[in-house]
Amino acid sequence: QDNDVSLQLQWVTQSQFAGYYVALDQGYYEDEGLNVTILPGGPDIAPPQVLAGGGADAMLNWMPSALAARERGLPVVNIAQPFKTSGLMLTCWKDTGIESVEDFRGRTIGVWFFGNEYPFLSWMAQAGIPTDGGPDGVTVLRQGFNVDPLLQRQADCISTMTYNEYGQVLDAGVNPDELITFMYEDQGVATLEDGIYVLEQNLEDPVFVEKMVRFVRASMKGWKWAEENPEAAGAIIIEYDETGAQSEAAQVRMMQEVAKLTAGSNGALDPADYERTVATLLGGGSDPVISAAPTGAWTHLITDQALN
Amino acid sequence: MKSLFPILTIVAAILVIWVLAVVPMNMHLTADQAQRDGLMVMPQTPAERQGYSGLGLSFANAGLIPLTYTLDRPRLPSPHQVAGEMWETIALRNVTSRQSLVYHGWVTLSATLVGFAIGTTLGILLAVGIVHNRAMDMSVMPWAIASQTIPILALAPMIIVMMGQFGIQGLLPKAVISAYLSFFPVVVGMVKGLRSPDAMQMDLLRTYYASSSQGFWKLRLPASVPYLFASFKIGISAALVGAIVAELPTGARAGFGARMLVGDQYGNPLVTWAALFAAAITAAALVAIFTAMERLTLRRMGMAAA
Amino acid sequence: MTGPALISVLAVWVVGWFINARLAVSRMSDARIIRVLVPVIFGLTLLLIWELLVRMTGVSPIVLPPPSMIAERFANSLPILWVDFEQTIVKGAMTGYVIGMICAFAVAVLADRSDFLTRGILPVGGFMAALPIVGIAPIFVKWLGSDWESKAAVVAVMVFFPILVNIVAGLRDTSAMQRDLMRTYGAGYWQTLFKLRLPAAMPFIFNGLKIATTLALIGAIVAEFFGSPTVGMGFRISTSVGRLALDMVWAEIVVAAIAGSTLYGAVAWIEGRVTFWHPSQRK
Amino acid sequence: MTADTVISAQGLNLTFQTNDGPVHALKDVNLDIRKGEFISFIGPSGCGKTTFLRCIAGLETPTDGTLSVNGMTPDQARRARAYGYVFQAAGLYPWRTIGGNVKLPLEIMGFSKSEQAERVARVLALVDLAGFEKKFPWQLSGGMQQRASIARALAFDADILLMDEPFGALDEIVRDHLNEQLLALWARTEKTIGFVTHSIPEAVYLSTKIVVMSPRPGRITDVIDSPLPKERPLDIRDSKEFIDIAHRVREGLRAGHVDD
Amino acid sequence: MTADTVISAQGLNLTFQTNDGPVHALKDVNLDIRKGEFISFIGPSGCGKTTFLRCIAGLETPTDGTLSVNGMTPDQARRARAYGYVFQAAGLYPWRTIGGNVKLPLEIMGFSKSEQAERVARVLALVDLAGFEKKFPWQLSGGMQQRASIARALAFDADILLMDEPFGALDEIVRDHLNEQLLALWARTEKTIGFVTHSIPEAVYLSTKIVVMSPRPGRITDVIDSPLPKERPLDIRDSKEFIDIAHRVREGLRAGHVDD
């Protein structure tokens, strides 16, 4: 059916994806005549793979991962970029004595892999710090899905999202002044996060394009609503969370933080952000994430129509 | 029921060890928290405390011991915390609520049962083929063993993506993974069972000039029933594990697996532990059901007392 | 699926099966080469079908790579595969296997001293064995850190129960007559254990050890999904999925299958040496 | 070979190929069995008694020589269900009642339901097991189980009955009793019976003809015709005639016996 | 009870508690066995032969009555390793060679290594198994296995030998042969032998005294002293005397036998 859209998320239902759930809940998709299915992600669900397998029409992805997929021969294209700012950061114990990036040498740092390691690796490459665990470099831990490695001091620093894991560290009773954080944005190594991607060949189909226009329009409407109504958006997330294990307070807080990241975006990709992301990734030293600047990795085709 | 008392004894012993272990396991976190709350903690900085073992730190801060039992995010929750969480999510919630472990149990169980049905059917068919066809016997068995050395968690996302490609979502992909884990014990057990009639019993049928299908229905199949039940009992717990594993990459929406993952990701260990125990209890109950069915069937077949 | 693909797949299947069917009923079907050849041909047939299907139906290699691509990746990544193998199998799985085995022996001998303990330990052990690995793995990672120690612990827990059950069953497998014989000699508990019950239990014990090999592998790999250093088979599988390097994922799966089958074979080989006397080992 | 010969073996040879080389289980066996005879095969372990019986039953194929059963090849005779076979152990299926076990061959041979019931009742009565139809094998003593297995072989009323040490596992008293009953049955039904045994008294008590066999290679060393009357009370075994035949059988056995 | 009584049972009773209620396995058993006697126990299945032997061996505890072995309680006698016990099946440990099996009791009783080797060689020669020391049980025939198990019981040279149907599973010829050897051994060593059997000829051929037992409740119904000379060639079994005793035993058995 040609009004059906399925969207593959990168993680389980949470406020990181509030815009879409709000659009669904508030009937924005319906208003556009769309029948949208949101597919939550999970560990080891690779959205590009789902897209390649035809399991979804569109996916959310971090741009480094999407560009890497593109180089691997899966031509995905960014059609919209609701997240303007990166929420990724490293959170460290202050009492370890870490004050600057240089102090990472000899430390153990938790990093998410699964396509989310690219920003970190580029950063370290630019800072000239090896990641092979030598005395001069950092020892990288493949971080699981929680903040325990930090709390239990198995790692000196871990990766956190401003909107999620950082809050969990605080929830565990840690005071912000016990911690020192390194925002990727502040380090000049920020890469674009949650963007909407589709397969390139689908964009040759005017029907699909038209469908995506409506989808992006409704989604952005959802995002803006969520930014303005974080409490309500958190409640909506709780409503859609089938596990029943999420707490509303945490989701509301997450929404408040996410709102800061989506605030600067109307949905259209800012080419300058794109160029910065590519530059960061290409600066990846001996083992760069992408070997050449990609072409055609994004388009304003959809947003131009959607935002009119 | 003469096993009840020994079981209770062992359970009691484990509970005692568990309760004792809570203190050293949680002491570092407790000490950190106590310090933030302005209590006196020895030694004074978290970094120094890292040098201590949990036990050592407990001796240094005996006064903090009660607090180790009430942490919100313990490394090792105390038994009463887990029991409390289970009581709350099993007994106090409406069974249709998403907060109810009964609801999640049903989500997992339905995939388990479908997967088990597929797995056992496949396993039995394969066993029949192996027993009746020499080529199949020689070809399939080594690969069946190799198939079980493949980490299912690695295959699960691929299976789910591939099935998603054909528009199959929801229960079925989970069931397929659960079937993958449960077919093997059934094949092994059934091959053994179908081959359990001795040469004399087989010869007897030859003297009657019985066809091979008569041999199957009148001899091999009934003879394999005890083996079948043994396989069922292993297969059903394997199927449950499969369904739980499959719940992680299916979008971790609902079910025991989803609860375990989400409990872990959002720093809620009690949710994880409660789901873990609920899953083990479910497995035990399923096995118990098959044990009862086994007893009933064998008694009806006249094989119970033999 | 397209017509030609279907036809060629069917053709490959028919040819492969025909060869095997002939070999299986041939006069030399008991010869060692045939016993090896038949499963190999079967495997090759499946691989060929896989290759054909992937190539002819145009499935993206990001979803399912063809075997040829996996083989190429395997050949080109031997050093990485080797360090992953060391980390996961040698450090994680083997250590855990040995620890689990030793614990199982200790508990079995303890339980064996009294019927009361056996009655209590077996059901409780069965209950603990039913705790799903995806639940216990994160807990052990939390307790013991991301490196191989937590993997070894997961493996030890997974293999403990099947081995224990088999030892206990094996120790009970002596006939009343064999035990009475020892009584007529006025033999003590340990004499009876070492001279009668342990040797008699060996076929059971090896049964448990064989089951445990595959469990050990799966346990070590799966536990890495919940936190690990940047090496190891589970780490590589998970990261490679994220990087869409499915050929690497399958190369690791091949390593797992080879390692698993080899370990299984090794245990079976030792079993053959130790239980040479058992009817199932005699020709 | 006369007109009423039912089983005839001429120059029968059978060699098993084993890992330790060929085993000559039967060598140059010649034997004619006439209708209504009760013929016992006796000999030490491994002399080929079972193998010979299995050849007759078409369960084993001789490497050489000819063998005919009711004028057919053994395999044809098997397909024609020409004989009932009783194994050493009762071998009843534990999941079937006694009645169900006896019914088994009838089901396989496609007898009608009513015919099945009727025959089961008749043969169970014949072996003194009327009333035990609904019991499971483990609820019966060893002797009763063995009687049930004989009933099973009788159910489809073949003319030939082949029995391979049917009473080997039973105690002497029960065995005596079953021997008596078997004789009575034989007298009543006029079946041809081939009977393998290890026991000299049993062979002498039952048979019209005793075939003494010897191992390595398995062969017939003596064929002794019994002059005992058809009517045989149990204490015929204390008679001079009986003891003489037994003595002759024992001598025959001893001669062929290779110490192990 | 005279001075040379080695085993003495007075008013022995043993009741097993089973799910189906109590089983009276031994009722009022009185028996004295003198040194050097060869005493056989015969009777139908379930009459308590095994149970009685096990009581003597201290493997079973009587519910009532007194039993002494070598002047001790059976349990003391067991710990003093006063007897060798031979079971119905050879029951050799398959993972030990023949030599290793015979050595087993010696290892347990702590004989020195050299003594072990010497005794193994001696008893294996005694049962005609010299040269088979390195073989595994399954490489031997049933008769040879049974001889090995007798060697095992003889290895530590107890004065009493208790044998529970040791030849039950063997064929008649092999059995004859072992009976002959057993008699020779007994004559040479002057051991006291308690022997359980189902076979009337075997009991008569071997014993100086035959104890006939009867089931439900298990009890002694007859004790027959054998007038046969100590020297017994195998064909003594065709003698009038032998047949008379056998007849008496059979009558005794029949009287006590309840048909199953």
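Letters A, B, C, D and E mark the chains as written, and numbering starts fresh at 1 in each.
The rule we apply is simple: a residue touches a chain if its C-beta (ideal position, glycine included) is under 8 Å from a C-beta of that chain, and two chains touch if they have at least 3 such contacts.
The structure presented is a predicted model; accordingly, all values stated were derived computationally and were not measured.
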Per the touch definition, the chains contacting both chain B and chain E are C, D
Treat each pair of touching chains as one step and give the shortest count from chain A to chain E.
2
Which chain is most central here if centres come from C-alpha coordinates alone?
C
When A-B and A-C are ranked by contacting C-beta pairs, first place goes to A-B
Going by the average position of its CA atoms, which chain sits the greatest distance from chain D?
A
CA centre of chain B versus CA centre of chain C: separation in Å?
18
Chain centres from averaged Cα atoms put chain A and chain D apart, in whole Å, by 84
Centroid distance [mean C-alpha coordinates] between chain D and chain B, Å
54
Roughly how many whole angstrom separate the Cα centroids of chain C and chain E?
49
Among all residues of chain E, those touching at least two other chains are none
Junction residues of chain A, two or more chains touched
43-44, 46, 49, 53, 144-146, 148, 152
Find every residue in chain C that makes contact with two or more other chains and list them.
63, 138, 142, 225, 238, 241, 246
Which pairs of chains touch each other?
A-B, A-C, B-C, B-D, C-E, D-E
So in the complex, the part of chain D that touches chain E is made up of which residues?
44-45, 141-144, 171-174, 177, 198-200, 238, 243, 247, 253-254, 257, 259-260
Complex contact set, residues of chain B against chain D:
200-201, 203-210, 214, 218-219, 222-223, 225, 301-303, 305-306
Chain D to chain B touching residues, read off their complex
54, 57-59, 78-79, 81, 83-85, 87-89, 91, 93-97, 104-105, 107-109, 136-139
Contacting residues of chain C [partner chain E, same complex]:
175, 177-178, 180-187, 191, 195-196, 199-200, 202, 275-279, 282
The chain C residues in contact with chain A across the complex are 60-63, 138, 141-142, 145-146, 224-230, 235, 238-239, 241-246
